[in-house]
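There are structures below to look over.
Two complexes come next, and they have one chain in common, subunit A, joined by subunit B in the first and subunit C in the second.
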Partner chain A sequence: MKQFPLRAALLATAVCIAPIAHAETPADTLVVAAQIDDIISLDPAQSFEFSGNDVDNNLYDRLVDFDPLDQNAGIKPSLAEGWEVTDGGKTITLTMRDGVKFHSGNPVRAEDAAWSLQRAVKLNKSPAFILNQFGFTPANVDQMITADGNKIILKLDQPYAQSFVLNCLASNVASVVDKETVIANAEGEDFGNAWLSTNDAGSGPYKLATWRPNEAVQFTANDEYWQGAPTMKRVIVRHVQESSAQRLLLEQGDIDVARNLTPTDVEGLAGNDALTVGTEPKGRILYMGLSQKDPILSKPEVVEAMKYLVDYAGMEGSFLKGQWKTHQNFLPEGYLGASEDNPWTYDIEKASQILTDAGITSGTVKTVVRDIREYIDVAQTLQGAMAQVGLTLEIQQMTGAQVLDAYRARQVPIFIGEWGPDYADPNTNASTFAYNPNNADDAKLSQLAWRNSWAVPDDMNKATIAATLEGDTDKRIQMYQDIQQEYREIAPIIPLFQKIEQVGIQKNVKNWTTGGAVSSVFYRQVTKE
Partner chain B sequence: MTREWLLTDAPQTRRQARLGALYQGWLTFRANRLAVLGLVILVLLLLIAAFAPWISPQNPFAQDLADRLKPPSAQHWLGTDALGRDILSRLIHGSRVTLFIVGTVALIAPVIGLFIGTVAGFAGGWVDQVLMRVTDIFLAFPKLILALAFVAALGPSIANAVLALAVTSWPAYARLARAETLTIRNADYIAAARLQGAGPLRLLIGHIWPLCVSSLIVRVALDMAGIILSAAGLGFLGLGAQPPTPEWGAMISDGRTYILDFWWVAAMPGMAIFVVSLAFNFLGDGLRDVLDPKGGRE
Partner chain C sequence: MALTDTTGSHRVARLRRRARSVGGLALSLALTLLGLLLVTFIIGRVMPIDPVLKVVGERATQAQYDAAYQAMGLDRPLWEQFLRYMGDVLRGDFGRSISTGHPVIDDLRRVFPATVELASLGTLIGVFVGVPLGVIAAARRGGWLDQIARVVALVGYSMPIFWLGLMGLLLFYGILGWVGGPGRQGIIYDGMVPPVTGMILVDSLIAGDWGSFRDAFSHIILPASLLGYFSLAYISRMTRSFMLEQLSAEYITTARVKGLSERRVIWGHAFRNILVPLITVIALSFGSLLEGSVLTEIVFSWPGIGQYITKALLSGDMNAVLGGTVLIGTCFVGLNLLSDILYRLLDPRAK
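Showing the complex of A and B:
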């Protein structure tokens, strides 16, 4: 309700400000419109928001990284030019690349990389757990992560899979910061956190020009960049809240990329020859959690039938069009070990048969759904399908906070919502969908399996742990395939769709990427024709 | 029963007098064309609600994702919504919800108000003080905000929406009833009744309530539109009827995402709310002409 005046005002401003003639952005400048009001801090040890990571991804380099133009190829060397696993998998030694410089002109040393990781662990902000899962703590990290000449040595508490460690080292929290610059700007014991929140001390392809919260982020190219100077000399990310305003700016040529278009606005771009729509799968999964506390939903036959009561194709082709695609596995496309098997289709008769065979002909489930249009629509579609097999679904709409509170207390019979991976390794999803070490009510775990009161079978729990310790990447992939195979058969937490990000782009902009499912946006490879 | 018999100046029986008064009221009401229009619309609404399952062309809950957001056509007279459901059928079934909400609130709120107002006015003293301060407290909150708070606390559902609306709309009636009571309670005929030995309860129920009722009815009829809008507002915010109940406010809320490209999804229930609210307002105006003794019936 409150959006309408705002929208109208924005439209009005956009119309007034925009020049009448078709304006073009400069050839060496990329202008992006996005919702960036979620940025809290630009410190890579603290940033855990989409927009903040988008900024950091271009200011900093990591020891290893994804190729912006081929994320599916997996981890590539970056500041580290090579690595070696010794001590039965408990030690990883990375060799630093020579001749790379920070924006300050200081050389990038192993000492900087080690200190950056130690700093993230010691600061212990939201993303620190990504590193801490290897056994680092603020107390021991100085011994576990050390620099020796041009080598950085990581000692792990378990022989973790090399791919697991490297995938985590590619995440934003493991960005390499300029030790000398940050220490010079530290206040007290904050490791420069306050200063780094609004400044950059990286070696990445772009330098931070300005960040004005809720307004804009500006980048200037780092012409000394070790992988070659970026073509776009300036990148400007403007905060534009409304989809319709972003679309208007794009159509007028005031921006090159619009990142938050609604499906309706994306469709509206179809007739425009100067524009195109870019589509990339992202990591988020829309899933349906069936609480195993519910007397009806805990029956395996009901779980099985529910998989056939979701109108996957119908929803994908209608109200989820262009935003979500059918995906029935907990690892999103783009992840190591992801599976593309989507065995279930919408089949009322089959569901009805399964239920009749099990002697279930009626039942009522009351659930709460977050008051987001898509979730409500998914829930109502499910409600319609369930009604056809004699199951009554009562829906109560609630705010996100209310639903989350109930979910954390294991009181949501059918949860419909999203899960976003925390880092680019399959363990981020496996450890929440397919792992539940303690199904007791008072365990208060954060795993989705726990929240849905699902006692994950012992062998699956063990397989999930074992997969983090498998050194051979091919074997590890197979292990995740196997876990997902079994998961599909028995799990009551059913992945339904994977997020797709659609952006509106000027046709002359090439090589744009939002980082796919595993990473954040990259600007350095973008060119204009 | 002829017209002359009804309109005579010298009725022979009580019954004749009552019927005569009613008939005169009807004549006054009928003279107000808009009021008659309002009445006709509301009678139609009642009929639609009563016969909803028989007259609605399709199942209001039947979804067809392939046929969503279709403009009005021969098959779907008012188009289809985001899940491919027939909007006309949903509107027809929704009339039941609307009437239920309005009817229940209109039964609860004025009764509470009448009771509290007349007791306060008749008893006076500290009873009056206490009851009226409570009323003041309720009046100090914006109605819809208070209703929102109630529903949020009780959990969203139609029953709670009705309760919240009733709880928030009685104070106005209490004020009205108290004011009426204050003017009546020292009248000669009350004194006469009291001299004949009538107790306070009898005076209240037998002599004061009947005189307060007419002004309350007028007020209720005029408030109906407001109640419909408040109920729709709660539905719009997701705090009233829960899906898939075709409540009109919730239907508008469903349609707002598509308002630029698929206007009918929100516009059709909007029209329904508009027409029914208008009808209640017309009816209220007409009833005021008839029932308000202080109105201009020279």
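Showing the complex of A and C:
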């Protein structure tokens, strides 16, 4: 349904003359078209959606952050100008930068930073676990996180790796909010959550002008920003659902950036001299989960054979073209400890051999797939390959909410879908793919390993924990390499592809970034020629 | 039953009748809305979509999930949830939408004018083209105009609006550049006109801002024409069949025999008599456009109530769905009422 009008539209453009670009956006304004209907709150202690984090990333500063133009350089000082680890790794003391002001004009103090973290822990919304993994609870956080002059002191329950702690402090939930302003707008015991859901109390490079849900978010530049006033004085993000509509707007010059173009529309941009296509790897992993409750899928030979039944190159070259690349490890490229080993290829004979050796020649398995074109295409390709080795795959389509319900109840035999990292540290994926402390049905864990009923071996559980405590970053990297190697050999939850974000951009727009695999979009470094 | 005081009972009966027409109207409105709410509420609760997950996200722990479940009142019996909700609604509180984070009433205030603006213009186009087309088609039954009207209506019924919308955008915006692109306004005009009614055409007229008016018009004209086309298809078919029925009646033959001009026969006699049913058709067609045409809204990035309610429904956001349902339900009842009043004005028998 979605694809048909698009192709027809493309055909029609091909025969007709190329559209003439007539409009141009103002030189000091950046106009972006994107799907932003996932925003449910702008409160950094609550926002956990891609578009919400994209907004917050520009309204707020964090204690530490990534460099927008070089995310691979890792964590940099931001509101904290430095930090020190003492007490054998159990205390981290950060020193606040002087002279930074919130949008309200209030100074940014260590007290604000400490209160912001305490607030996120006490509110206990979805992203709070990112902080809670260091032993903070609503009851103890006032003692564990304290401010003293221009220092903010974090006491941890274990000597966690410094990189682990700092990576988490760079995440959206750790944004620093203006304590006085938020308290003045609090209702009852909500720590200003209702107000902050639709307003901003940050110190970031942009101020929130308006947010009209499912319609638009507008920013104005914070000209007193401590890292320099942004060049783009206004940023407007418009909700445009359809890829073809985004493409039309881009071709007409009514927008500068289109963020949700299908492969067909990206191809259609080629040959337009005013436009270019930007590519960045993102953190999302498309994977295939094989439930270990299923009598067929729980056989190790079947798990092994399934890895050779995926037509990686074929899919990458067709319907996933340019938007997903083959990636057979749970840590995405761009993450600490990521591995580029992709040992499996599409090999029916090998898969068939493995199964015949194990005496498996037939069987029927079910998959429940969300009604997203790409997932269905992947499932159908897999169905074709499985049929060649005697396995029947029954595909059932459902809405996202229904699939999630079934998955949470461990009732999906083959799950095909995405996992997006929650924060910029390898533990975010290791702790879900390679960690499952309790495989019982009533444990109700949120780990992917649990949802696929995979009892992760004890040594892997232990290694995953140990990697969070390794102070030496080089050793830590090696530990993740080792975990991933073992994981590739035995795990029934198989990473297949990593997301590439392709954006259509006007050629005069420079320094655009979606934040890469580890962060969200940054606007402050964007310029126009 | 003994009739003792006839004059008294007559007066009472007259009073009763009058009271019944006013009170009955209010009562039927209240009952309709209550029934509508009850049904929507129950459907919302039996839907296989978990609204809690929308709030807490799929990574939430069981404790976070349970806390949100209780905070949303879902642990209480269904009847209690409904009574609570009704109590809030009577106090004018429609709650907060979980898919936008805003109070439902604010959301509706934002999205409904966008739809009203589009639907009104669409219906105007549908009426001003559809009615004459239907009348002429009936008058020249079997002629080439009738054939054209039939094709126009058939295409209007059967073309997917999604496709037509995309093609329209491609041609009139992408290639010819005659109209504005997706969205209600061009980017530089966004937020220029102070919102009074929320309908940008009206607001820009109030503000006397011709630039904004022209810009908003260039954005609305394409989607409105599309919607207009669809209501035109319906209205012209209905007009034609009403007219055919009248034209075969005896009084028309009489009028013709009396030597009245064909124009007076058609417009003065037959058309006057179809006004009443025609108004119902137009009101219903307008009402269905007010529900918001989801596909049109998606293709044209039009932030209207259709998209709003659909999205709310898919994420189990029942406050938003119920609020929107009440609003649209009220509109339908209001439109029925309006066509009732027009009946009385136009049909001498109803007096």
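To be clear about the criterion, the second predicted complex is superposed on the first by the 508 of 529 C-alpha atoms of A that agree within 3 Å, B and C clash if a C-alpha of one lies under 4 Å from a C-alpha of the other, contacts with A are read in each partner's own complex, and residues count from 1 in each chain.
Quick note on the criterion: a residue touches a chain if its C-beta (ideal position, glycine included) is under 8 Å from a C-beta of that chain, and two chains touch if they have at least 3 such contacts.
None of these values were measured; they are calculated from a predicted model.
Bringing the complexes onto one copy of subunit A puts subunit B beside subunit C with no clash.
Of the two partner chains, subunit B is the only one touched by A:Gly384; subunit C is not.
Of the two partner chains placed by superposition, A:Ala139 touches none, neither subunit B nor subunit C.
Touched residues of subunit A were counted for both subunit B and subunit C, and C has more of them.
Contacts of A:Pro213 after superposition on the shared chain: subunit C is touched, whereas subunit B is not.
Of the two partner chains, subunit B is the only one that A:Asp311 touches; subunit C does not reach it.
Look at A:Ala409: by the touch rule set out above, it reaches neither subunit B nor subunit C. By the touch criterion stated above, A:Phe319 is placed in contact with subunit B alone, subunit C being left untouched.
Look at A:Ala274: by the touch rule set out above, it reaches neither subunit B nor subunit C.
No C-alpha atom of subunit B lies closer than 9 Å to any C-alpha atom of subunit C in the overlay. Touched by subunit B in one complex and by subunit C in the other are residues 1, 244 of subunit A.
Residues of subunit C touching subunit A in their complex: 48-50, 53-62, 64, 67, 96-102, 107, 110, 160, 162-163, 166-167, 169-170, 173-175, 177, 181-183, 186-188, 190-191, 298-301, 303, 307-308, 311, 314-316.
Listing the residues of subunit A that touch subunit C in their complex gives 1, 4-6, 8-9, 12-13, 16-17, 19-20, 22, 25-26, 29, 31, 37, 39-42, 48-49, 124-126, 128-129, 194, 197-198, 209-210, 212-216, 218, 236, 238-242, 244-245, 248-249, 251-252, 254-255, 399, 401-402, 404-405, 408, 422, 444, 446. Put simply, subunit B touches subunit A in their complex at residues 61-63, 65-66, 68, 82-84, 155-157, 236-239, 242-244, 257-258, 260-261. Against subunit B, in their complex, subunit A makes its touches with residues 1, 244, 262, 264, 311, 314-315, 317-319, 371, 373, 376-377, 379-381, 383-384, 387, 394-398.
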